[in-house]
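The same subunit A turns up in both complexes below, where it pairs with subunit B and then with subunit C.
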Partner chain A sequence: MLDHKRDLKAWLYLILPLFLLTIFTFYPLIKTFLISLFSEYNALTDDFGRYFDFYAYTAIFNDRFFTNALTNTLVIVFVSVPVSTVLALLIAVSLNSIKPLQKIFQTIFFIPYVTNALAIGMVFNVMFSHPLVGGVAAEGLINTLFQTAIDWVGPTATVERWRTVVLIYTIWSALPFKILVFIGGLQNISKQYYDAAKIDAAPKWKVMTRITIPLLSPIISYILITSFIGSFKAYESVLSVVGTVGRSLDRNRWTAVAYVYDKIGISGLDINNVSYYSRGAAAAVVLFFIIMIFTFLNLYISKKTVHY
Partner chain B sequence: MVQAIQLKTNQDYQFDQKLKIQRTGQFLRNLLLYSFLTVMAFVVIVPFYWMLNVSFQSSNEVLNSLNVSFFPKVFSPQNYTNVFLYSSAAQGNIDFSRYLFNTVLVAFFTTLGGTLFSILVAFALARLNFKGRDFIFTVLLATMMIPGEMLVISNFVTVSRLGWVNANNAGSYLAVIIPFLVSIFHIYLLRQTFKQIPNELYYAAKVDGCTDFKYLWKVMVPMAKSSIVTIVILRIMGTWNAYIWQDIVANEKYKLVTTWLRSSFVDLADTGSGRVLTNYQMAATVIVTVPLLLLFIFFRKYIMSGVSRSGVKG
Partner chain C sequence: MEVRLENLTKVFESKNAARTIAVNQFNFTIPDGKLVGLLGPSGCGKSTTLYMISGLLYPTHGRIFFGDEDVTELSPEQRGIGLVFQNYALYPHMTVKKNILFPLENMNLKKKAIEDAIKSAHLSILPKEAKSYYQFVKESTSLKNKYKRLESEAKAVYQSKIIDLSKIKQNQEKNTKSLASLRQSFQEQLKQFKLSFEKELQKISPENLQTMVSKINHAYALIEKPYQQQKQKLMLKLLLNPIHWLNFNSHLWNALKTMVPETIKAVEEARYKDYRKLMNDEAIAMAKLVGIEDQLHKKPAQLSGGQQQRVAIARALVKKPKVLLLDEPLSNLDARLRLQTREEIKRIQKEIGITTVFVTHDQEEAMSISDEIVLMNFGAEQQKGNPQDVYNQPANLFVAKFLGTPQLNLYQGSLKSGKVMIQDQVVFEASALKNKTMDEVLIGVRPEGYEMDEKGTLTLQPQFIEMIGRDVSLVASHPQAQTPSIRIILNSDDFAVKPNQSIKVKLKPHKTFIFEKSTGRRLA
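And now, the complex of A and B:
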């Protein structure tokens, strides 16, 4: 009796939040899988239809814009994450080994820590801007600086060019958080190791590869996992740098997440009788599995190589 | 004797030589370090400078010159007032004040509701004993890893069936607020803090006849103040930066400042060409960025502890 009353009281605290979580987190999680498998899902009536198959998956993998979106996402992930991690590590180690001006440099590197991804992305768009017709508007910073007239981010920009700008932006915006975490990690390494290395007259690079990096490896692996997951979800950064107005983004510049969002609100079936919602859901499921595989792979590798 | 002195100066000379090499080495190393840091600091700063520079340029300058200049030729702070009043027919003729009002309203309710729910659930999971507690906690932990993009399609169907999508009434607010009201990460963050409060306090309070609910508000909440402040700030930042979901579900009149930021800002005086006024665009980005920088300056400690534990911003 007492147990029962106690349980009831506890549920009073939980009931409303759990209700909301059930409706907006647990239920949609299962439903997304189901929508992706019922290829004739009707969003207007919320009717799953008769067909339980993998047509939505074959449809998206035959969809040029989806495979292209996956490529765009993978380029962002595999270029920006390693480059920004190495750069951040170099900056953190440099910051940690200087005395004068250290505080000033630190403040500068932390400024972009909390910014609006859209806002600063738009600044990059303006910096790399180029008028489609000469003289209609001013050339941006980069074209002015290098005396060129290249379309970096506009509608006529080549794949390599717009990707370069997106990568520069994603690397730029990833730096402060990583620098901050690395500096925290560096300051936690005991001075004893460095003193011992000094007595042995170990060269600087050896101190870096034999002491700093191994002792920092748990933090490096943490950073890698979180930023891999984060960059798989890239969308707003691409939208703000190479999009035009509002949410309009060239289909060739989509990321995986952009593909998912694009399918929201398109009711009906495509020419292969696969509903657009099923396609979007299938894309979301694919993204989900990629992220899961990466998370576990990262955990597995870091368990083997991280030195504590 | 003379020989000995000779030997000593020789040694001194060698020692000096060694020291010199070491010193130049150190100097070169420092030179390298400082130049690297200066270049990187420059790269970090340039976009901010550029944002300010363009935001103060005149419309004539951004439209009718071949190359952009590195300083505003005609200093034009009026861009900021113009951008506040800017509205376009495509976006329901509403201006910044309305977007700001929407954002403040949504931020208020998401923060209030979200924080309250986090406190209640975290308390139940950390302090109360009841059947199924471990099960709930495990389920929450497992779903924390799930990317939000996984849920948007089904959630869109849900909110549209509730009649909230593009609703020209408070429904738009509900569509923006409700689906993200409960954050598992915030619950987890707070539960960890609550767990650190010693059990003895709870038993002492119980002996004194304090109810669970009173204990939560009189003891635990004040003790977990810094975590709660962190959650509140993350919530406010999250609403300020929220873009895609609210842009999809809300009616034009109920969208947030990010939608305003992404509006076209075309030349109103010269509607025929519809050229984008980058100076207005940049003034808008300054307006969106400055509150975040201020928040960061004043609440740096809280923001950092929150972000570093989640690995994601907002």
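And now, the complex of A and C:
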């Protein structure tokens, strides 16, 4: 009896969040899914149209710009996440082992986190800039420093170059949060394990690989999962770093989210009678499933490797 | 291995210049193969002492010797000690077996075995030269250690001088000047050390050191060279046959066994031995010794407290340390397990005969398993010796109060020309107190130190009888007692006690101690 009463109270508490979740999460999710399957969906009249099929999906996979956007996204995910995690771990360990100035360094490393992402992206854009017509404007900081005249982020930049800049930016901006979380995790590891390791004569690298990393593995796995999800959704980093102010992003530089964003801005049908809006929805659903599969994979691996 | 502590002092300095002297001028020798208990209330400096022996803390002053070797400047891993932490500090992500293996993996057994084998090979090839060479190596290392020690001592003195200087308030200019002169004299001192080190090294190095070394190496190479060539040929032959790819080293060694020259056989054997198996065997043997061989594949969290304790002991012992240190080894166990584990510790210690120091605040624990106990308070030794002797003859009030349950009963009394009196009744006399008169003394009586006697001089007011298992004790009160109630352990024939009816008792002389009230010094 008592248990039932408690249940009732719990449901009561849950009603408001469930209500909000239904409106803002479940309804849009299901509707997006449906829109992606009704290939003649009309966004202006909210009319689903006559056809229930997979044409929107075939259309996006035949779209060169979509596959290219997926590649761009995957490059960002698989380079920036591992690199920034390893870097953050190394920085956190070294920050944790110095006593004087630790707080100051912690603050310095944390500054990017409290700064607006778009603003920093535009600063990167300016730093890597290159005037298209010589002599009109000065070279950016990077070109000046290295005495080069390379177009890193402008319209004539090669794929490798603008991707490099985007990756530098993503890694750099991903560091602070990770460092903060890692430092918190490191400070939670009991000093006794390190004393025990000292007694056991473990060399430094072994303390790192056999004690610190395994004991930190729950946090490492948390960081990996969240940042994989986060970087699958990358868009504003690319937009602000390698976009041109006042113009929409070059189609070759789209990420998956950029593709969606572009498609839902166009009303009407394409030449194959597939609504652009449905194509955007299909792209969003594809991204959703990629992230989901990947997260399950991540969870599965961490269950196997995360100790205790 | 005997452990000797000389004038050991540890001062903790905090930022706001508050100093805590955790251990003060502590002198003690732990005899070889004995189990010694460091006993004292919390904050008395016993754990600090233990950590200084382990090398996790460095003493502010004083020296630590393992046998004849001064280990004060050595790091924990160089000292060769095993330490069992209070919470065991087992690595939670490793299985029991991996926990025990971990110290072994760090020992680099192979390198050490090869070096030892080469040394004995050298000694057998060129006994005279090798002997004097290795003698020199040994002497030069100890010389190096000596100067390292001198340097660090000088540095400590220099740093404490700087701290003292910063505390004296004087004008800026003068301060900088004296600081500069301090630094200069310190650097001068270091230079002096370096010079005399080189001089002494010169003295002990044999004249023909260079030629000696090359002679030894040459003689060794002469034997090794033809063998090495044969070995290379054999390796190539073996490599061509895929059958040998798995376990290549053991195949190779089997083939090499017959052709290796006798003088360097030990070296080659050390090179091809299966160290993984060796370490495994040792870990399993250690697990057997402590009785956890069936738990090897569990994680520490799956074990009970007692089992974790055993794993921690196995991990500490597996590298064959010279000294075993236990920090409050039983405090995390429940009462029954505590009794069992303490016998276990005693058994293990006896079985391998290792010098053991253990720290505890529980007097019963210390008394039950120690060969010798040291009582500490305020960072200083209060008394040391055989547990029963310390119990029977406490040196001062602190020791008498700390040892024994139920606690010693204390009465306020006075001393008049050798006679100790409580409320004008003479309760105790001793020849040591002859001609002494004191207005205030404390009379301490062990709970078992009472005898029912109609003619007894001490009158007590019984409150109730307390029975805990086989122990029957009488709780009573006395106006001059330091505590509201006193406890007396009764014999079974003393049961005829009724509440609210005062009883008369006599004090047993050997269970009664007289202390000076102001200092706690024992008078008799």
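Basically, the second predicted complex is superposed on the first by the 282 of 308 C-alpha atoms of A that agree within 3 Å, B and C clash if a C-alpha of one lies under 4 Å from a C-alpha of the other, contacts with A are read in each partner's own complex, and residues count from 1 in each chain.
Simple rule for what comes next: a contact is a pair of C-beta atoms (placed from the backbone, for glycine too) under 8 Å apart; a residue touches a chain by one contact, two chains touch by 3 or more.
As the structure is a prediction and not an experimental result, all values here were calculated from the model.
With subunit A as the common reference, the superposed partners subunit B and subunit C clash. In the superposition on chain A, contact is made by A:D200 with subunit C only, not with subunit B. With both structures placed on the common chain, the touch criterion links A:V75 to neither subunit B nor subunit C.
With both structures placed on the common chain, the touch criterion links A:T32 to subunit B but leaves subunit C unconnected. Within the superposed three-chain model, A:Q192 lies in touch with subunit C and out of touch with subunit B [touch as defined at top]. Subunit A has more of its residues touched by B than by the other of subunit B and subunit C.
By the touch criterion stated above, A:M208 is placed in contact with neither subunit B nor subunit C. Stretch 7-15 is the one among 7-15, 43-51, 61-69 or 223-231 where subunit B clashes with subunit C after the superposition on chain A. Across the complex, subunit B meets subunit A through its residues 29-30, 33-34, 36-37, 40-41, 43-48, 50-51, 54, 61-68, 117-118, 120-121, 123-124, 128-131, 133, 136, 139-140, 143, 145-147, 149-158, 160-161, 178-182, 184, 187, 212, 237, 240-241, 243-244, 247-248, 258-259, 261-264, 273, 275-276, 278, 281-282, 284-285, 288-289, 292-293, 295-296, 303-304, 307-308, 311-313. Interface of subunit A with subunit C (complex): residues 190, 192-193, 195-196, 198-203, 206, 210-211, 214-215, 217, 307-308.
Against subunit A, the residues of subunit C that register as touching in their complex are 54, 56, 75-77, 81-83, 85, 87, 89, 91-94, 102-103, 106-107, 299, 301, 315-316, 319. By the touch criterion stated above, subunit A contacts subunit B in their complex at residues 3, 6-7, 9-11, 13-14, 16-18, 20-21, 23-29, 31-32, 35, 43, 46, 87, 90-91, 94-95, 97-98, 101, 105, 108-109, 111-120, 122-124, 126-127, 129, 134-141, 143-144, 172, 175-177, 180-181, 184, 204, 222, 225-227, 229-230, 232-233, 235-236, 240, 245-247, 257, 260-261, 263-265, 277, 280-281, 284-285, 287-288, 291-292, 295.
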